[in-house]
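In what comes next, chain A is part of two complexes: it sits with chain B in the first one and with chain C in the second one.
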Partner chain A sequence: MAPTKDTKEQFPTRAGNTRFYDEMSSASGELRPNYQAYVDWFDGMSAERTGRKRHEADALFRRSGITFAVYGDEAGAERLIPFDVIPRIIPAHEWRSLADGLRQRVKALNAFIHDIYHGQEILKAGRIPAEQVISNAQYRPEMQGVDVPNNIYAAIAGVDIVRAGAGEFYVLEDNLRVPSGVSYMVENRKMMMRLFPELFAKNRVAPVEHYPDLLLDTLRAVAPKGVLDPTVVVLTPGSFNSAYFEHAFLAQQMGVELVEGQDLFVRDEQVFMRTTQGPQRVDVIYRRIDDDFLDPLAFRPDSMLGVPGLLSAYRAGNVTLSNAIGTGVADDKSIYPYVGDMVRFYLGEEPILNNVPTYMLRKPDDLAYTLAHLPELVVKEVHGAGGYGMLVGPASTQAEIEDFRKRILAAPEKYIAQPTLSLSTCPTFVDTGIAPRHIDLRPFVLSGHEVRFVPGGLTRVALKEGSLVVNSSQGGGTKDTWVLED
Partner chain B sequence: MLSRTADHLYWMARYVERAENLARMLDVNNRMLLMPQSDRENVRLWRETLDSIGLLQTYFNTHGEKLVPAEVVHFMALDRANPGSIYSCLRAARENAHAVRGTLTAELWETINATWLDLGKFDIARMGADELDAFFEWVKLRSHQFRGVSFATMMRDEANCFLRLGTFIERADNTARILDVKYNFINEAPRRNDAGEYYQWSSLLHSVSAFEIYRKVYRDQITPSRVAELLILRRDMPRSLAYCTDEMLSFLHEVANTRSDETQRRAGELASSLRYGRIDDVLEAGVHSYLTRFIIRINDIGNRIASDFLVPVTT
Partner chain C sequence: MKYSIRHETRCHYDSPASYSIRKLRITPREEGGVKISRWEVNTPARSSRSVDAWGNTTHLLSLTAPHENVRIVVTGEVEIPDQGQALIGTDCDGLTLPIYLASTSLTQPDAALSALARTHLGRAPQHIADVLALLEALRAHLRPTPSGGEPLRGAAESFTRQAATLPDQVHVLLTACRAVGLPARFVSGYQLGERVREHAWAGIWLEAAGGWVSFDARRGELASGHQIRLAVGRDYLDACPMRSMHQGGGQEEVRVTVRMM
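Moving on to the complex of A and B:
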């Protein structure tokens, strides 16, 4: 059937809808300037071509195996992360201020981790309650007094950011352990350029494909002192891990070996990999394994993923782990409320990026307020991740809220609460056509000799109507993220 | 390169090659069955085929001791529970490829992944004989594609060497087994007429893509000793034992390390015995016993490659 004007999907008009900030159009229904060229192009395209291209994207992702494994599913089932062809477009000036904020924030976080494992000045100054840090499960006493190259602990950070209004960005979470998703940022861009090459002639979109080069530079910059030509490897839990595609992708793009724990061994406090030509020394390990599994001699003895003796080699300064052990002490949800204080304490600056106001339920006042306002709040487990174990008050039934109330009362110190943010929306293809869906943004911040990143990051989109949960494990999708150049 | 990576590459190639040779074996059996012969002959052929690849007992355990040809074909082609089926080989190939996808070129990975995804579309329970033909043809084509894409896109480094080692060791083993079963079967079949026997030999040649080569080389009628000579000793016949061991030896030289001297010596000895061997001596020893010894030797070399390169025990 030939497409007619009537079969063509339309961007939803938002006139009168002032509840959420939409990335494409203003509350009065006017197109924002950063979307002008895109929408002009889209209007000239037939519905048939859009549909065909969307199917093509699915087929290409599947054929190239750009998938993630889902835990609990049948025998290593792999799924595609839904990819939406409508890009999220960020104007240059907004990115500039975001970038300044990110740089500042990650510098402060690295300074904090260094301080915690050395003099603990910030605790002595009373800016953060010491018990919050020292009794935190993510605090690693093994790291006390250990020096790391350049004092960089979180060489790779994935900072989750949401927008509530014009120029109004909030940090939801600092991921400083093993943040993932950057491969989708790169693959989404490649896919868009393959599907719609003409778009990139009409828009000046900042490139992101050189991320692996910056990553390799960063990893080489944090090599042990005196190593001039470091051997870098990526350490993966293996091909059944949900992020395995990304591990393989990054190793390949950087041209380094992708190793599993069984490929490495430690002799005389030095790390080697087993090769067909005998043992080869390893200097920098970009590890995509949690602290607990790194070394069965030091952490979980039942770990089959790690390398016995790795911690001893690490503490001796003979190998760099990126990220360092013990960075979780800085991205824990119970520490999150203090990041602003870190910026002021270490850098003597005012924080550029906002934190979401956070109620810490270990405090009686905060607990009382939260219990009285559960239907309006988002409640999260302090150590939770991936969108699991959280309550989104406005989207929950009375029964779910009451159930969560019991869990909170049983262990209030395990939870924090935040006001439900009005996450911005972006037009997205759904079953019924195009509709606004909530999005977030995860830029990847690299710290080596200096702080660097590629413009943009990974935009995740909650595909269910009204949903604020964007995690891929919870049915979220992704979009290509454009930062327009001036 | 990492030993584990080499191991995955080597086995990926072996499983693809094994899937292809299984398809060849099943294909030739099916063709032989088109000829007038007794049910007893039929069952004997399938029994010997299963026995030659070590799956007879597995079949008995799951299907009982009565051999039903249609069930054997299903068992060897698409039975997911049979670790030696074409299905299981292609799954193992894909799993090995997945574990080292970063070492493969994008084209090669996509070739293997697409083969695996497309395999799910076949429903062998409902396939007629002509569709079975098409299925075996498809498996062969995908294996050709795998080799072609790797040949055309992979860098000529260690990764390529281990991949080719896997291909040629598996092919040497498989050609020996196919020849062993068929040579024996045809020679022991009750004699009916020359046409029947001609058809048997020609389908064996077809199954290893050797029919045209035979014509070219001998320009004469098909005789058992020439078939044996072609598949064992001809160094220009790409599925012969001599060709496969030659290739194996040269890739082994390229990856040699400090542990591998003895392996290279044994590989060289085996390749030389084929290069300078005479068919009369093979026939005198008996084709079956000759091939049995060959299979033991090639698998010894396979095991030694594993311990020298793929799973080194030293730390």
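Moving on to the complex of A and C:
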């Protein structure tokens, strides 16, 4: 909705609202320095121009086709992910410490995945219960003893970060399978630069548009040993997939082929792509298909999306899959509580980023506590993703809570619970003007020869007042994310 | 005792297939005293041999020229210990055993089945007699159905339907054992007797018995020891002798003959 009134929207004052950390203004209502230049610019802009620009953004996104299928939507139609033109601005010093924390965390996670498929030292040392790892549905015995280039399993990680309390950062989850959303990060920046070019003259904003170049470098860096000029492809489940736009976008931006399973085949434990010039060897597959569907000869036999024999080629070391098979065990919510221990165990360092305290309902004490405090907790399915199948206690009705209680009691081991975090807010355009809305941040961490990223990431915003669920599948929107350079 | 075996697999397509690929697990596992004297796998084109996650020898065969028939002939000699070998202590250590506790799509837990498992196997340490008692109860509950043309339904659905094909009988037993914390694995191989035939059974890890013990879910008894293991895994899909895919060619018909020579 574009504002039609003539009066200029005001940034909300924080009078009386100190429950949440706000990205723009401090608890006493003062503007934070990182927003100074932006707000000065905004104050000098007419209401009419703001409204027009928001319309323009809507039209541009629709034209460029950035949409996202929402599961369970009655219409079943693709929907535009709302884009908010007020950026989320991170000062340089905050990003530096976040970046250090992310680098450390992703290194430890890759070391963990290597370890559990090799010597299992962390399990032998008793730091994580062995059975919880090895009997986990995401643990893939097929990966035992398999060496992958540079020992990199999660070459692309999308780590969800939230800010809570007095402004501390917490990691909500580590997405190490097929994290999506990076195309919005790139497109949001392009959109902002097109709508408000003058803003980028007034602010030193770190660039993000080169993400596809970094991604291609990373994928080439994890090519099988001895392959000097690897052929890289993006493997998509197809155009009906909710993130198909992103698959096509990244392939196009990297200048590599976008393929479906049927475009590839395995011969003599090597992967080939069917081309008009005949079969072409493929060395690195950036796969956007879940493990279960990758190879109908090894995993789900009914998968029409994968490539039969792919696992054999992979185990033989003839092709790289990014991310590797079996990374899901490390971002499983039942393993999440141990990531701090991984940092200590593999790197001998104290974790820089905080974990959210987590109750594991497989433990009787944690279960009892959770059942007694459901209205104040967030309960998540261990294997769930995308904001589906979760209970946000404070936002739920008594009936919803009781319904969820039954589900927990039927299979407690399938759930974890966490305190409801007071996610930070950022001013956002809504129907009634500008109001604070809760946000998170998904930086994309690339691991090839070294850990690299573009500063920032994708900021998601919960557009419903008071809502803490930012997932685009649950009605969230996005914002451009600025990291200011010193 | 030495057995000479010929194992032939013929696959036929309605019309020429443009491409086919199959993963074969048709080489005996040398464990429990089993020794291979000779084993030859003959495929119509070069196949790649490797060892999979469960220690099974596999052959991957891909055919890229149009074909209507695929014939795989295995001949070999295997020696098995005379006293039989229903029990085999193995290389499994404490860290790899939990793999066989994981549930797969075909071995999803079922509340009623778990309850039945607990009545027979609820108290550790579990003994061979306890598993046999469970097997008896399962045999009374499950009507055996022929495998030919039947889809895999998995443990939970089979238990509810009170009917199961051979692989699903094994899945039901595996699921019951895992429900009480006993590592359990699917085994496919040859049953030896007057004749030799393809068969499938379960390996249950019983600490009190000293390792993997083989149980025949169909007959409801200890596997006599007159078997040759071809492959093990968490379920049928991990351990079956062949999984294949093809492009073009319509329906695939597979005929397997195993005989002693």
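Just so it is clear, the second predicted complex is superposed on the first by the 471 of 486 C-alpha atoms of A that agree within 3 Å, B and C clash if a C-alpha of one lies under 4 Å from a C-alpha of the other, contacts with A are read in each partner's own complex, and residues count from 1 in each chain.
Criterion: contacts are C-beta pairs under 8 Å (C-beta built on N, C-alpha and C of every residue); 3 or more make two chains touch, one makes a residue touch a chain.
Predicted model, so just to flag it, every value in this text is computed and none were measured.
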{"item": "Superposed partners chain B and chain C on chain A - clash or fit", "value": "fit"}
{"item": "Partner chain in contact with A:Pro301 - chain B first, chain C second, else both or neither", "value": "second"}
{"item": "Partner chain(s) touched by A:Gln252 [first = chain B, second = chain C, both, neither]", "value": "first"}
{"item": "Which superposed partner A:Ser239 touches (first chain B, second chain C, both, neither)", "value": "first"}
{"item": "Partner chain in contact with A:Glu269 - chain B first, chain C second, else both or neither", "value": "second"}
{"item": "Partner chain(s) touched by A:Glu260 [first = chain B, second = chain C, both, neither]", "value": "first"}
{"item": "Touched partner set for A:Gln277, first chain B, second chain C, both or neither", "value": "first"}
{"item": "Partner chain(s) touched by A:Ser312 [first = chain B, second = chain C, both, neither]", "value": "second"}
{"item": "Partner chain(s) touched by A:Lys124 [first = chain B, second = chain C, both, neither]", "value": "second"}
{"item": "Distance in angstrom between the closest Cα atoms of chain C and chain B, superposition on A", "value": "5"}
{"item": "Chain B and chain C contact sites that coincide on chain A, given as residue numbers", "value": "265, 267"}
{"item": "Interface residues, chain A side, partner chain B - complex", "value": "62-65, 238-239, 244, 248-249, 251-252, 257-260, 262-263, 265, 267, 273-279"}
{"item": "Residues of chain C touching chain A in the complex", "value": "19, 21-23, 46, 48, 50, 52-54, 58, 60, 62, 64, 94-96, 98-99, 101-103, 105, 234, 237, 243-245"}
{"item": "Interface residues, chain B side, partner chain A - complex", "value": "1-6, 95, 98-103, 106, 109-110, 113-114, 117, 158, 162, 255, 257-258, 309-310, 312, 314-315"}
{"item": "Chain A residues within the chain C interface of the complex", "value": "120, 123-124, 130-131, 134-137, 139, 141-144, 265-269, 296-298, 300-301, 308-309, 312, 315-316"}
